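Heads up, there are several structures right after this.
Both of the next two complexes hold subunit A, though its partner changes from subunit B to subunit C.
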Partner chain A sequence: MARLNDDAQWIVLMGFIVSFALFFIAILINQSTIVGQTTAEAVSEFPKTDIREVRGMIIQSEFLGDENDKTNVQREIRNLSLSRHNAVVEFSSSPPAGSDPYTHIEMHYNNGVTAYNETWRSE
Partner chain B sequence: MTKRKIQAPCTEGVSESIGFLLIFTLMMAGIGLVTLYGYPLLMQQQTSADEQIMEKNMIVLQNDVKSLAYKTVPYKETSLKIGGGALTIYNSHHTPPASKITIRDANGVIFVTDFRSGDLTYSSASANTEVSLQNGAVVKRQNQGSVMLAEPRWFYDGQTKTLVINLVNLTSNGLMARDGIGTVQMALGETRFDNYDTTGLVPIYLTYTPDSVKDYSVAWDNYLRQTLGMSRNSGTPGSGTGQPLEYELPQTSRLVIKQYEVIIRSL
Partner chain C sequence: MVNADGQLYTIEGVAAALILLLTAYIVVNSTSVYTMGDTHISDMQLEVVGDDALKMMNTAPNSSVEKTSLRTIIETGDAVQFQEMFDSIVNAKTGTGRDRIQFMANVTYERSDGTVGDVPLGASSHIFTGREHAVRVTEWVIVDSPCPLCSDVTSGKHAVLVEALVWRD
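Our next item is the complex of A and B:
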């Protein structure tokens, strides 16, 4: 009489493991609506170039010679960011004073998803 | 005979007919269970899967609207499969409107009068629910109850005390509807940008008038109060009467209202 051959028990075990793995993957796919949205937003919504552009413009505008031009340009920067980039931009500067030889600019950018703050110092 | 008995002793008492009957009964029981209980369950699952797919699709469409409005992309196109219901565009001239928004201050200065957003609605054929893309938000409704699945991009900047309100209205050539596989083509229409200095400490009010049948007021009430920090002065959300709800805006020194027109070219 032949003995019961149980060498292939692992096939049954693999069946179990594979089905459990599939079950978990199904749960993951089910959750993908929310995850997909958040990830897509985080990647595509980050306004890297917008921030760079605005930052560059603010710094440039700070060194305009004519005081009148400077006020106009800075007002337009705020207006343009709101109308084109849908972002609130605010900035203020303090010129070199006393022992501090540097110009400081405080910048604030917020488009509802990303907020960015920076204190820039001329060096 | 004796030789065979020694070779296969464990087949004693095994009958082919009983084996056949056992297997046959098991099969029939299995098929019966699946038909009687499994099939209705499967159908129910199918309905909820269709709905979930449409919720996902609506969020994709919302992202398209975001690209059009906030990134000044001129044109967007998305293919999608609409199952278990129909996708319909009720444009901003459609009566009755999905909702009306008026923004004014206590002195009677009117910033926005009766803004109609129009909406892109998916109505499920069997589940009695609707998913709608309106005013830049995705909302889901069942009878008078509603929930916001994805919020519009209105925001309050605490540092500059600026409140930015983005109003998106959908327009189209008449009423369009689609079932099955279709392409939604959207283009950016006119935009309007208003920037008000509101440092005068005069309270500003927003009035939201829902439609009495397609009442999404619970979702909007939650959004306006929880996310934007407005306070409700009058009205009951979800009443199904179409009564206006009035909100007072948080203290702002600058109010920015942007209006975008998104044209649905085809569904």
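Our next item is the complex of A and C:
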């Protein structure tokens, strides 16, 4: 009966090490392509400027002198956000009353992926 | 005849086959997600450039000027002015050459009957065909109506949205 030959075990061990190293390098290559993509995708999908702008517009609209202009502009903010940014924008304000000298605006932005809520107070 | 010789070699062979299969699987899999990770990064940068340009145009140069350039452009319907201004801002580049950014801009507004309409505001020399890999940038403006671009709205102040498709060719 042929005996199990245990010569050259170092070579076998090295073979194993090299193949596992190759295996891990393959995993690294596999993951590295996704990294740049997911990062950039996350950045471009997050509606940073949309939120910032609509927030500015809501605050600006709150201080329009004419009541009719204010109603129009605020309706248009809601309507255009829904139709062009695919975002539901809702807001309401409470003017200074009693001992509270500030205007408060409650804003909600939701485009299905990102939701943003804020209660703004005039300084 | 079945015997128990060479079992280590058999195990090694199976292990090697598994490693090869796994490696091949990972390599094939990695080529399938190789959808140019770079395009997303340049999209992101293009979006920032376009957005900044619109923001600059929608900022009054100093406190004594009441209306921003963008607002004046929309209120007068001056497409040529928009074209020149946006073009020079987005294509500004260090050195002598200019960048290759092209654009097409629309103004979106709400008509008096409640529907949403849009009119072209200006475009660069290369016409948008629909095949370009474009990104969209937007800017809100409050304008005095009626203006030549959005004639079918009631008078008074209105919120309109400037949308620009920006691409590099």
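Brief remarks on what is shown
By definition in this document, the second predicted complex is superposed on the first by the 82 of 123 C-alpha atoms of A that agree within 3 Å, B and C clash if a C-alpha of one lies under 4 Å from a C-alpha of the other, contacts with A are read in each partner's own complex, and residues count from 1 in each chain.
We take it that a contact is a pair of C-beta atoms (placed from the backbone, for glycine too) under 8 Å apart; a residue touches a chain by one contact, two chains touch by 3 or more.
Worth saying up front: this structure is predicted, and the values here are computed from it rather than measured.
Of the two partner chains placed around the shared chain by superposition, subunit B is the only one that A:108 touches, whereas subunit C remains out of contact. Once the two complexes are overlaid on the shared chain, A:27 sits against subunit C while remaining clear of subunit B.
Of the two partner chains placed by the overlay, only subunit C lies in contact with A:4; subunit B stays clear of it. Of the two partner chains placed by superposition, only subunit C is touched by A:56; subunit B is not. Residue contacts after overlaying the shared chain place A:88 against subunit B, while subunit C stays out of touching range.
In the superposition on chain A, contact of A:64 is made with subunit C only, not with subunit B. When the two structures are aligned on the shared chain, A:79 is found in touch with subunit B and with subunit C. A simple residue count on subunit A separates subunit B from subunit C, and the partner touching more is C.
In the superposition on chain A, the residues of subunit A touched by subunit B in one structure and by subunit C in the other are 1, 33, 36-37, 40-41, 44, 79, 83-85. Of all the residues in subunit C, the ones that touch subunit A in their complex are 3, 5-8, 12, 16, 19, 22-23, 26-27, 29-30, 33-35, 37-38, 40-41, 43-44, 47, 51, 108-110, 114, 116, 135, 137-140, 142, 154, 156-161, 163.
In the complex of the two chains, the subunit A residues touching subunit C come out as 1-2, 4, 12, 19-20, 22-23, 26-27, 29-30, 33-37, 40-41, 43-44, 49-50, 53-54, 56-57, 60-61, 64, 66, 68-69, 72-73, 75-77, 79-80, 83-85. The part of subunit A that touches subunit B in the complex is made up of residues 1, 32-33, 36-37, 40-41, 44, 79, 82-86, 88, 90, 108, 110-113, 115. Contact residues on subunit B toward subunit A in their complex (touch as defined above): 7, 9, 52, 55-56, 59, 63, 69-70, 72, 150, 153-155, 157, 159-160, 162, 164, 166, 193, 195, 256, 258.
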